[in-house]
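The structure's right below; bear with me while I get my questions together.
As written, the chains take the letters A, B, C and D, and residue 1 is the first residue of each chain.
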Amino acid sequence: RAEGKPTLVNSLRSLSNPYHAAWNKGGEAFAKSLGLDYVTLVTEGDSEKGIADIRAILAKTGGNAVINIDPNDAADARPIVEACAKAKAHIVTQWNKPADLHPWDFDPYYVAHVSFDGVLYGEATAKVLIESIGGKGGILALGGTLSNTPAIERKAGLEKAIAANPGIKLLDFQVANWQSSKAFDTVAAWITRFGADIKGIWAANDDMAIGAVEALRAEGLAGKVPVTGIDGIKTGIDAVRAGEMVATVSWDPFWQGAMGLSIAYAARTGRFDPAKEPKAHREVYGTGVVVSKANVEAFYKANIENEPKLDYNDLWGRAAGQIRT
Amino acid sequence: MSLATTSANHGERLRSRLRKTAPLLVLVGLCILIGVTSPNFLSLPNGIRVLTAASIPMVLALGATFVILVGGIDLSVEGNIALSAIVLSLVLSGPLGTLGLWAVPLAILAGAAMGAANGAAHVGLRIPSFMVTLGTWFVGLGLGTVLLGGGTIRIVEPSIRALSLTRFVGLPLLVWIAAAALLVAWVLQARTRFGRHVYAVGGAEDLAALSGIRVGRIKVLVFILAGAFYGLAAVMSAAQIGQGNAAVGDGRLFTTITAVVVGGTSLAGGDGGVIETAIGVLIVAVLANGMILLGIPPYVQQAVQGLMIIAAVAISIDHRLFRIVK
Amino acid sequence: MLETIGLSKSFGSLKALNDIDIKVGRGEVVGLVGENGAGKSTLMRILAGVEQPDEGELRRDGEPIHLSGPLDAGRQGIGLVFQEQSLLLNMSVAENLFLGREAEFTRFGLIDRNKLHAAARQQLAKVGQTIDPGKRVSELAFSERQMVELAKALTLEDRVDRDLVILLDEPTSVLEQAEIDILFARVRALRARASFVFVSHRLDEVLALSDRIYVMKDGAIVGAMPAAEASVPKLHQMMVGHGLHGEYYRENEQRPPAADAVLVARGLGSGRAYRDVDLTLHRGEVLAIAGVIGSGREELIRTIFGFEPADTGTLEVFGKTVVLTSPADAVARGIGYIPRERRVEGLVMLLSIAVNTTLAGLDGVCRRGLVDHARERAVARSWIDRLAIKTSGPDLPCSSLSGGNQQKVVLAKWLQAGSGILILDHPTRGLDVGAKEEVYRLIREVCARGTAVILTADTLEETIGLAHTILVMRDGRVTAKIDAAPGAKPAQVDLIEYMV
Amino acid sequence: MSAVPSLARWRDAAPALFLAVLVAVITVATPDFAQPGNLLGVLADTATLFVLAAGMTFVILIGGIDLAAHTIASLSSVVVALLLPTLGYGAFPVALAVGFASGLFSGVVHVRLHVPSFIATLATSGVVSGVALLVSDARTISIDAAGRSQLAWITGSVAGVPAVVLIAAAVFLACAFVQRFTRFGRRSLAIGAGEPAAWASGIRVGRQKIIAFALCGTLAALAGALLAGRLSAGTPVLGNQLLLPAIASVIVGGTAITGGAGGIGRTLIGALIITVVRIGMTFVGVNIFAQQVVFGLVLIAAVAVTIDRTKIPIVK
């Protein structure tokens, strides 16, 4: 059976958020373009379930699978990659993996790891925020869950931007677990504590940014205190268009869902030999788009109003260098 | 009868009264404590913010109170919110977009329907409520995800957003809704037959049945009522953050049950009530608000909150009355 | 006006009722007696619509009726005062009295609390009680609860126009004499409107109150006679199958206690409940404590078992001064306790007889610290034999046993634990005469083997009959210590003098 | 002895039958499922969940609940990952001790302060995750290649059987032994089925309860160590999604949530049911959007079949 057509597999954290829903759509679109079977796996945040599901799919397909995964936790990547290599299935990981696990340790099955530079983009949104308040004043920051790697990186980016702008003071940092409702209550309490000292709010994702915007709106401050998010979900883009958020970053999850599979599929079908690819293509940063007032309308037309058009064969078009460790 | 026993009873009752008011004292003490260290806390605008933050948990906890009073537990809170919020946003954004406020009763109906399913499975199949509602938690989240394909719908309908953005006598409508829900719940609990029967079933359902109370029906009604409250809370959440998706209810379950228990309602059933719950909700809301005002670092917030809640419950539980605590 | 024709009811393979025909006439008080497990409560529950018969029918004034539930029975004027307490502890007296009938007190769907409380006060007055209707039932004494139960059944009076049938299932077992008098007076006064079915294990009461008496045995009626023609020995003969032993307590078989003291209390006191209590208990002695409710005797024995520590005084057990802060402490010192509420504090009803037998003395069936199941079963079996517990095996849950047999398992538990001091808190409550005799025999037996017993009994008669020594308490103080050696028993009046 | 098993026997066998039917249905749909290799994989994937649920069983049997077990597992994974480089195998006993202490804390707060276990353990979970975040500095701690050699007892296999399966089997036997043959086991059952009677029989109820929580904490820590082994890393959130499946395993097996009836054997079957349903859905190819719905419904169906209502007079 290993000679037959491979099954395409996307494994994600959950389907109940827009980010992963778009990722899944990308995977579906790619599978449709090739007419291959497509399976989605969801970890529901449970590492054990994520690993068990991968094992199950490997057992079911006899290893004839191409897997694109956003591991639930960095730690999950190793057992998953080991299982894939053992079953001779090709895999691309995204976002999370332990620093000491490398694709070239498992040639040719561990094709690549794709991530986005959280520090870079956390800094980028912070810069837009700082700029929008004229480089002076107090800002607040909403983080994701404390131990999450992207959350940590994005916060590091924020701190870099603040360090570069002595006029800016980080009044407080709180985590809102990526949730808008928690962000709402946190920002409300901040308004009590800091009042007019609040010049801007930086959030590690769009959901929390939306919660912040709404908390500001409830106090008649929406649009007056600039907010930034990250992720580029539709409601975030809408808020940028409305001027209530000043920036977000789009990772293009549609691209992640499609191209992760495309890269691994290309390796499986022999279009390239991973072992011969440079490291910059094995541990690769993708390109995010910082969406701000300047480019939001164009972005909206190209990506939200229309389904993004991708060239599935352009494997490295968005490669932005090798991942730092 | 001798004097000794009657006056002993007197002392006993006095103490149990004191214990009953303990959660209120804890709340007041907490407010004073935070107020002293962070004077802004006691300002009017912050009072309004605390009430706003308490409004959604309040409605959720009111629903859960009834379930806990009959001796059950409802874990489906988050699933129910997801489903109801998505029904709301679909009705608003779908072909029926002009329905406006009418989407609200539909969402509440969706919540009530899920409650009815809980009650029917619990009573009809004789499955512990813990397990039924654990199951329907997944079912609700799943249905919500299916209906929306995982996306988010923005809610722009002004009449819905008004629930969060319009103020009446200085308070957002959300707070008024929570207050109205509290009033309705209190009347139901304290002044209606239904309320009496809820306590009877929670006290001892076999004995209640002997007095001719239809235990099964009361339980189903309780789950429906709870579901309707969750549906209302879903509407409020969606109105507050202006979007509906399967994640709007995330993290609500444990805070809800915590609030109920902190208020002094016994998880064994039959004891406590919605006024107690209201105080419990306020304790939890004040604590959350206070921790940010005091600038307690995120690392230790959960721990601090946990310890405070242990303290609050330990102070207010009357261990003479509740010898057996499970 | 109420009759049953060929009623039968089975629980699984057990035939609890077999072809029962009884009649209750207008204004009549019908006594119903029988051993534990004879089927009395089952019959009462069917009459009250709580359970449905498998066969047979009920007739009301000659018309066949079908009772689908307790409410239905209420509509027919039939009310039941339950054997087990049926009040909800978490609700107020008034709420309990009118539970299920709140509709009568609602206006626009809301309950009118004042109206409810007024009605409750009126209802309580009928049974001579002035309890605050807003009080939680959990705050009431057991006897008060029983009177509230009666008042609850009597709410039928105002509800139904026709004649009433009130079913009283062992209403007197938790009452003191004064309250029993109120109850009986009430029953007699109501005969103009109501008939009664009265179940009790106290045969003299049944004889005193009833017009006619039915005797049940093994689910069938084995005798019916006017009360005038009945007597305690005759009823006993019919129920148990053998005659009543000439002398109930067999004084001649009581052995005198030994001289050595096993438990000595000096100046014991606890809050307002009791104070300055001195007592000495000897090996093989039955020390009975007499007193009305509020005399402090309940609290005193609970102190001795470690439920509530005393505030003052000292306690010496087997020669050692001890402070008992929990039952575990008491058990470790060799004290055992047979509670009044055996379903709650005596047995773990859903677990097997074997497990319950070793609950307090698990060490006895352990080998190298581990539970030896074979040994445990053997031990349980031997107790089943020695105490003649009616059951088909040690693995059955205690919930399958009748009251008397449950009591024997509790006793077995303490004997297995090797307790040298047993506290018996109303040990014969709810037991039939045969079972009572059984318990009396066991008490004599354990005393003969050196166990010392502290007893609070159901009746004065029992107190006097069983005790070697009687301590009388009033208002928290010991008012008399009366010798009750066999052959030199005091009279009841001698005790009452010190009790009230 | 009759040839036809009595009703009671059928009732005891209900959970196992349900499991067998599940496996049969999945195998019919996708025969590969029943391959020995895959079945061993299923067992291995059940191991961690089972160990956590085993601890939970003790607590649920006495009528309590432990909502901190998952955070204890996470903390333990962090402790293992942090200490493995310096302490080597010594890291595991330390992790177990930390779990024991956390469970002890829950138990003491619950029993001595009379706080309902639901709240006491919820609060403990906050404290424990706080500690986990602090000691790990909120980061994933990878176990490097050197450390991984000391994980062989978790990651390896013996005669083709994954080591975790053997560990879980040992835990099962130990727990079954404790429940059946120790005084603690017997007393917990009595406490769950009739706390007042147990107390009035001289059982030190408080102490037994605390032991149950401490045991649960220790087993949770073992589960965390297994997780750390399987993932070669410790993180402060590693076990976080295991709480509900663990509780569900206990109840799906037929142990009463109110305590007093059930046991470790039932939990084993319950954990297998949970894993088989989850993996089975992937195998059969149930639509991803429908999976949560199916999972929820199967849970409900499973309990409907498995609970022994004769031992639970009132279903709450």
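One rule holds for everything that comes next: a contact is a pair of C-beta atoms (placed from the backbone, for glycine too) under 8 Å apart; a residue touches a chain by one contact, two chains touch by 3 or more.
On a predicted model such as this, the values are computed, not experimentally measured, just so you know.
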For chain A and chain C, which third chains touch each of them?
B, D
Most heavily contacting pair of chains is B-D
Averaged-CA centre spacing for the pair chain B and chain A, given as whole angstrom
34
With chain centres taken as the means of their Cα atoms, state the distance from chain B to chain C in Å.
42
Go ahead and note the Å separation of the Cα centroids belonging to chain A and chain D.
33
Check: chain C positions touching at least 2 other chains come out as none
Provide the list of chain A residues touching at least two other chains, using ranges where the numbers run on.
15, 24, 146
Which residues belonging to chain B are in contact with no fewer than two other chains?
141, 145, 149-150, 299
Think of each chain as a node with edges to the chains it touches; is that a line, ring, star, complete or other?
other
So the complete set of touching chain pairs is A-B, A-D, B-C, B-D, C-D
Touch list for chain B against partner chain D, complex:
71-72, 79, 121-122, 125-132, 134-143, 145-146, 149-150, 205-206, 254, 257-258, 261-262, 266-267, 269, 299-307, 309-310, 313-314, 317, 319, 322-326
Which residues of chain D touch chain B in their complex?
63-64, 67, 109-110, 113-120, 122-127, 129-131, 133-134, 138, 195-196, 244, 247-248, 251-252, 256-259, 289-297, 299-300, 303-304, 307, 309, 312-316
Chain A residues touching chain D - in the complex, by the definition given at the top
15, 24, 39-49, 51-53, 55-57, 59-60, 62, 73-76, 78-79, 98-101, 145-147, 149, 152
Footprint of chain A on chain B - complex, ascending:
38, 40-41, 43, 45-46, 49, 52-53, 56, 82, 141, 144-145, 149-152, 154, 164-165, 172, 237, 240-243, 245-248, 250-252, 288-289, 292-293, 295, 298-299
In the complex formed with chain C, which residues of chain B make contact?
1-2, 4-5, 7-9, 12-13, 187, 191-193, 196-197, 199-200, 202-204, 207-208, 210-213, 270-271, 321
